[in-house]
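What follows is a set of structures to go through.
Both complexes below contain subunit A, partnered by subunit B and then by subunit C.
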Partner chain A sequence: MLGRSWKFTANAIGVSTIALVAAGALGSAAAADDILRIGAPLALTGGLADEGKKQEAVWQLWLDKVNDAGGIEVGGKTMQVEFVQYDYQTDGKRAGQLAEKLITDDEVDVLMAPFGSGHTKIVAAVAERYQVPLLACVASSVSVYDQGFKYLFGTLAPNTGMTESMTAYFKEQMPELEKVAVYGRDDVFPKAMATALANSASAAGLEVVYDQLYSVGTMDHSAAVSAIKAAEPDWVYMTGYTQDLILGRKQMEDLGVTAPIVTMVTGPAYREFTEGLGDLAEGVTSSTWWHHATAYTDAIGPWTSTAAFYADFVEAFGIDPDYVHGSCAAAADVLVHAVQQAGSTDSQAVRDALAETEVLTFYGPIDFGENGMNQGRDMPIIQVQDEEIKVLYPAAIAGAQMKLVD
Partner chain B sequence: MDILQIFVNGIVLGALYACIAVGFSLVWGVLNVINMLHGSFIILGGYLTFFAWFYLGLNPILVLPAVALLLYILGFALQYLFINKVVTAPVLTTLTLTFGLDMILYNLMTVYFTATPRRVTLDLGSIDLAGIVMPVDRLLGMGLALLLTALLYLVMRGSTIGRAIVAVRMDRQAAALMGIRVNRIYAVTFGIGALMAGAAGAVFAMVFPVTTNLTGVFLGKAFVICVIGGLGSVPGALVGGLALGVIESFAGFYLGPQHAITVGFLLMLILLVVRPTGLVGVKGYE
Partner chain C sequence: MPRRALALIGLAAWIGLLAATPWIADNYTVRVAITIAMFSAMALSWNFIGGFTGYPSFSTAAFFGIGCYVGALAQRNGVPMVLAWTLATVSVALFAAALGAIILRLKGHYFAIGSIAVVEVVRLIVSSWGSVTGGGDGLNVPLLQGSPDWVAAKVLYVMLAIMLAAFAATVLVDRGRLGFGLRCINQNEDAADMVGIDTTRFKIAAYALSALFCGTVGAVYASWVGYIDPTDSFSILLTVKVPVMALLGGAGTVFGPVVGAGVFVLLEEFFWANFLEWNRAILGGIIVFLIFFLPGGILRLDYRRLLRRTLRQRETGQKSPEAAE
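Presenting the complex of A and B:
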């Protein structure tokens, strides 16, 4: 858009640098090779600022936890951990430039990818060029991982796993389910989810009565909502970012669209979605990669169970963690585990250790496949019920029965 | 039914678009300043309205005059203190200045209000007229857009200050020779532009999510609408907004929502070539 791109270009001189130096690391006489340096270009301002700040917050929590415990044991010696972050202002090009700076100027050992499939893809290309391992904790589109990159590893599972299990679950809950309308944002992740759902629904024998994308920057959904209304679907499946979904749900109500199942990916995974919609959020379902109701124990890393992570997080921030927090903290766990397995911070050794990874974290099992993505597993389906987020699926962690929207 | 509903959707959306553009058009037409702050002004109006509703329980319609007044004061001060210093410089200079000011305002809002989308969840429902559904809050926005545009039109035509604004727009030097305090008129005009943005933001807080992510989108729309409608006349923004709303609505329905925005930009490009003054613009302000 006109204003946005200019904004970020002119703000070039205002790049803020935040180095989160491990507690005590400065005071000690630790040599450079006794420090694990993790680099992260983050969207701390601009359109993805909320998501970028989530990454920053949970890594700070993780870092405090690790360094309060004295650091990490690697090859018989104790290493401190340090995060080096830059704000790339939600400008993809700048994310790539800062990733390069982190590698060449700051000489980080490994990189963490920013929020979203689009920006992860950009940073992944840089990491690959310099052969630096990159952990992506918020990128789930297969198109990011199918480029043959050897140094990219992602903790989220593929989108397709989510849509297949969701279609099967809804058919089971509502046997008369026949028609689905799919409406997705024309952007890497939302588009991938919309496409995957349309395919999964067709494969499951449902009729896809509406299947369209909307452009980034769309301020009005009335044309699409009117078309969806005319198609009389049993299930409306919309993807997008929170502001799109809030507007879409409101316009559905305004224009009188009623469907027994309304899914908005990944709206209910974010508190701001339910706050921004009030009563209109009731009954909206979504897939998510993680929910704090999961109960893993005997995990690696500073948090040995989901409950321990949840307790620390709530104490620190006073809100429930979402999948971004969970996945990004787990990515840091996996990274440390790989460094420990490698016995050093050598890029090639860490990369090989990551490829071999098969561990359980508080977030769930992590086992990177051939393309670097975490292998599929049963990902939760959630629903807003009485202003709370309830887990409907899988049965092992379900906390409520699915309710149809009136 | 379909065509009528799509048309009504477009008209209602178009009126909201006009609401966005009317202040922007005024400032551009009179001051020859492309006000990059405009999108942030709308969002600031939205935030003030949201906070008044959320913390004080005040209805957005009641808050609207106060929000508009605050934005007027802010706009007046910014013009008087900063923009007036360079207002006669080439358009790129003023554009850069308002762009810089926008960076400050935008980032202050992101830091202090966060980019989290918020909304006044005061859903007013819809009216169903023979199968044509019209959301009440959007109708309200439409009413406001028409009212503000009409008021502005009357002010420009019938009041001393309005005539002074028009005089400055026509010939700055002649206006100064006639005793008009040009810098004051500039500040008033910029203030009115901000007032319009604030009023739009107050209504939008019920219709759109309030988030700094949308400032660029609003600004982009205002720009397109002004080019379509034409600068130099208040009705230009209204005509441009309505035209864009209806075109996007039909394009979204028949060509797919993916192409709605593209068609709007295409229209803008065509008009730039065949009719640079816009649909109702005055020659000399293209």
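Presenting the complex of A and C:
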């Protein structure tokens, strides 16, 4: 008779032991006064691993640079900087959980948001609750910033501004441009871009012959591509993440879609896109928030010019940096600047200093607006030409003439 | 002492430990406790259809996700929070009852596939119906007001209450006519039908019960995290995790799902905190091991025999190890 009860007691003991072990293993570290601790939940595995690893890499480069200089000067004394990172496995629930762990357990002073607008929203809710400043370097959808959060700041400019200048530029380059097909991923950022482009195109007098969204995880675009082919557009505009775009471009080729302009946002902004597509990437255009061809000088932070950042980056990794690298390193610069202005790591003071930020970084000017987002500016249009990324627009940094896809 | 009373004491101690976390540990631990309560409630729910009735249902994520969305939408339209949670619970139960009337005609593998398809279909509908659900943009839910400690404690107690309600329902079903009927269906559905059990109605009841608490959990989860999107709310991983938890503890038992959910969440935390690179592989290995060697779940382990064997081995070990068995 005692059998079952005994069993249950043993279960209870076993379970509590695991609980204790788990609690002990999580550990805790006390925060020292003269250390700036930056917490970052990152997607180092799972669907967004490529992007998460970029954040990790560029912050390591930044941190080495800062530590080589002996730390940062705050209020007359030198402060060390530390990054505490965890992998949230591209799982939204875990991103929120880790943000909470970083704040309560690792006692970080500020947080960096992970890649993408959706996961930034989840982390932002936690940061807001704990009143810890959060810098988002890879979230550009206005819907992330319009919730009245006071502790959230983003270094990317609103993405909708990109579509107007792009439409105007293409009309100028190809006056006979008439019909555009828009095909976007139903996800925060790609959806916003697709919607914005359809609006900008209509406003500019173009005919939107196809305008559809595909759901996250779509593995076959052939039905949509066939419909696009039938609509005979002059310009195909597709949004999504790198894997979606590679598949989309291949299926366009398979089904024989021939449009003089093919734009994939933000495909060519990533090296993986051109590597994955090879010749098929030729002529694909895109927008990006930043390109290393920009030439800002007299910037704050460890890199005083875009060229200095580019040189260090290429030396360390042997590849060109993209906007994720630029924006995230700049976010760290802005953060340090705010701590210096505040004179301490006090979260309220740092938040206020961030809200008043108006500085120039190697990545460009950063001036957070009312909603915490960096103010809009001219964003580059790029094109793949001979396996290289060339800047077409704005004219100040343009390095090539636009070519039509043949 | 009756065995069930002792088990109940164990459960009460476990719940007491979880409930005490806001006072004895930091908010991260409280979050783990919330996760345990949340998954316990869902594993207990799954037990009605998967454990008692023996229908391998994979629609947990659909119920959870609909709960998230109904709760979030209601709250965004000015419905008070608790009412929104209730609304989500009722809608999910009705949805499951209506759906059950259709897909419970399938059996075995066919039912498993049908139920997993429900998750995908609902996700696609929510994702495409942008004007109402926000589509891929997701939905922002009004944040719970108050200090982080207070919010964490509040969510924990709500989740624990749902878990207790699910447990109470399990005990009632286990002892009542419904549980008896469901077990008959599990053993032989045709025979059960023949002896006068209204199998269709019983199965629908079990399916609706398996949805009910998932709906509440979803709505509370949405209020807690403040942002939901289709990918996270209708995750296939969730739909697989919950049955694994119930199986791990012991499907069809009263305490099994609670034990399974607790052990699973703690193991997941432990491996994840210590073996960042390998945690999923290790966890997968453990699941395979448990399914192979403990098909009945942890609760079916005969600890007394194990202990006796170890003791005997220790006694005789020095003389001749072969004499152990």
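Throughout what follows, the second predicted complex is superposed on the first by the 375 of 406 C-alpha atoms of A that agree within 3 Å, B and C clash if a C-alpha of one lies under 4 Å from a C-alpha of the other, contacts with A are read in each partner's own complex, and residues count from 1 in each chain.
Assume contacts are C-beta pairs under 8 Å (C-beta built on N, C-alpha and C of every residue); 3 or more make two chains touch, one makes a residue touch a chain.
Because the structure is a prediction, the values reported are computed rather than measured.
Touch criterion met: A:105 reaches subunit C, while subunit B stays clear of it. Within the superposed three-chain model, A:92 lies in touch with subunit C and out of touch with subunit B [touch as defined at top]. In the superposition on chain A, A:125 makes contact with subunit C only, not with subunit B.
By the touch criterion stated above, A:213 is placed in contact with subunit B and with subunit C alike. Once the two complexes are overlaid on the shared chain, A:250 sits against subunit B while remaining clear of subunit C. By the document's definition of touching, neither partner reaches A:367: not subunit B, not subunit C. Look at A:187: by the touch rule set out above, it reaches subunit C but stays clear of subunit B. Looking at the shared chain after the overlay, A:352 reaches neither subunit B nor subunit C.
The intersection of subunit A residues touching subunit B with those touching subunit C, taken from the two complexes, comprises 1-7, 10-11, 45, 186, 213, 215, 217.
Contacts from subunit C toward subunit A in the complex involve residues 1-7, 10, 13-14, 17, 25-29, 31-32, 35, 123-124, 127-128, 130, 135-138, 140, 143-144, 148, 151, 225-227, 229-232, 237, 255, 259, 262-263, 266-267, 269-270, 273-274, 276, 280, 298-299, 301-304.
Within the complex, the subunit A residues that touch subunit C are 1-12, 14-16, 18-19, 21-23, 25-26, 28, 45, 86-87, 89, 91-93, 96-97, 100-101, 103-105, 118, 121-122, 125, 128-130, 141, 143, 147, 185-188, 190-192, 213, 215-217.
Considering their complex, residues 1-7, 10-11, 45-47, 49-50, 53, 183, 186, 212-215, 217-224, 226-227, 230, 242-243, 246-247, 250-251, 253-256, 272, 275-280 of subunit A touch subunit B. Contacts from subunit B toward subunit A in the complex involve residues 2, 5-6, 9, 12-13, 36, 39, 99-100, 102-103, 106-107, 110, 114-119, 121, 123, 126, 128, 133, 135, 137-138, 207-209, 211, 213-217, 219-221, 223, 248-253, 256-262.
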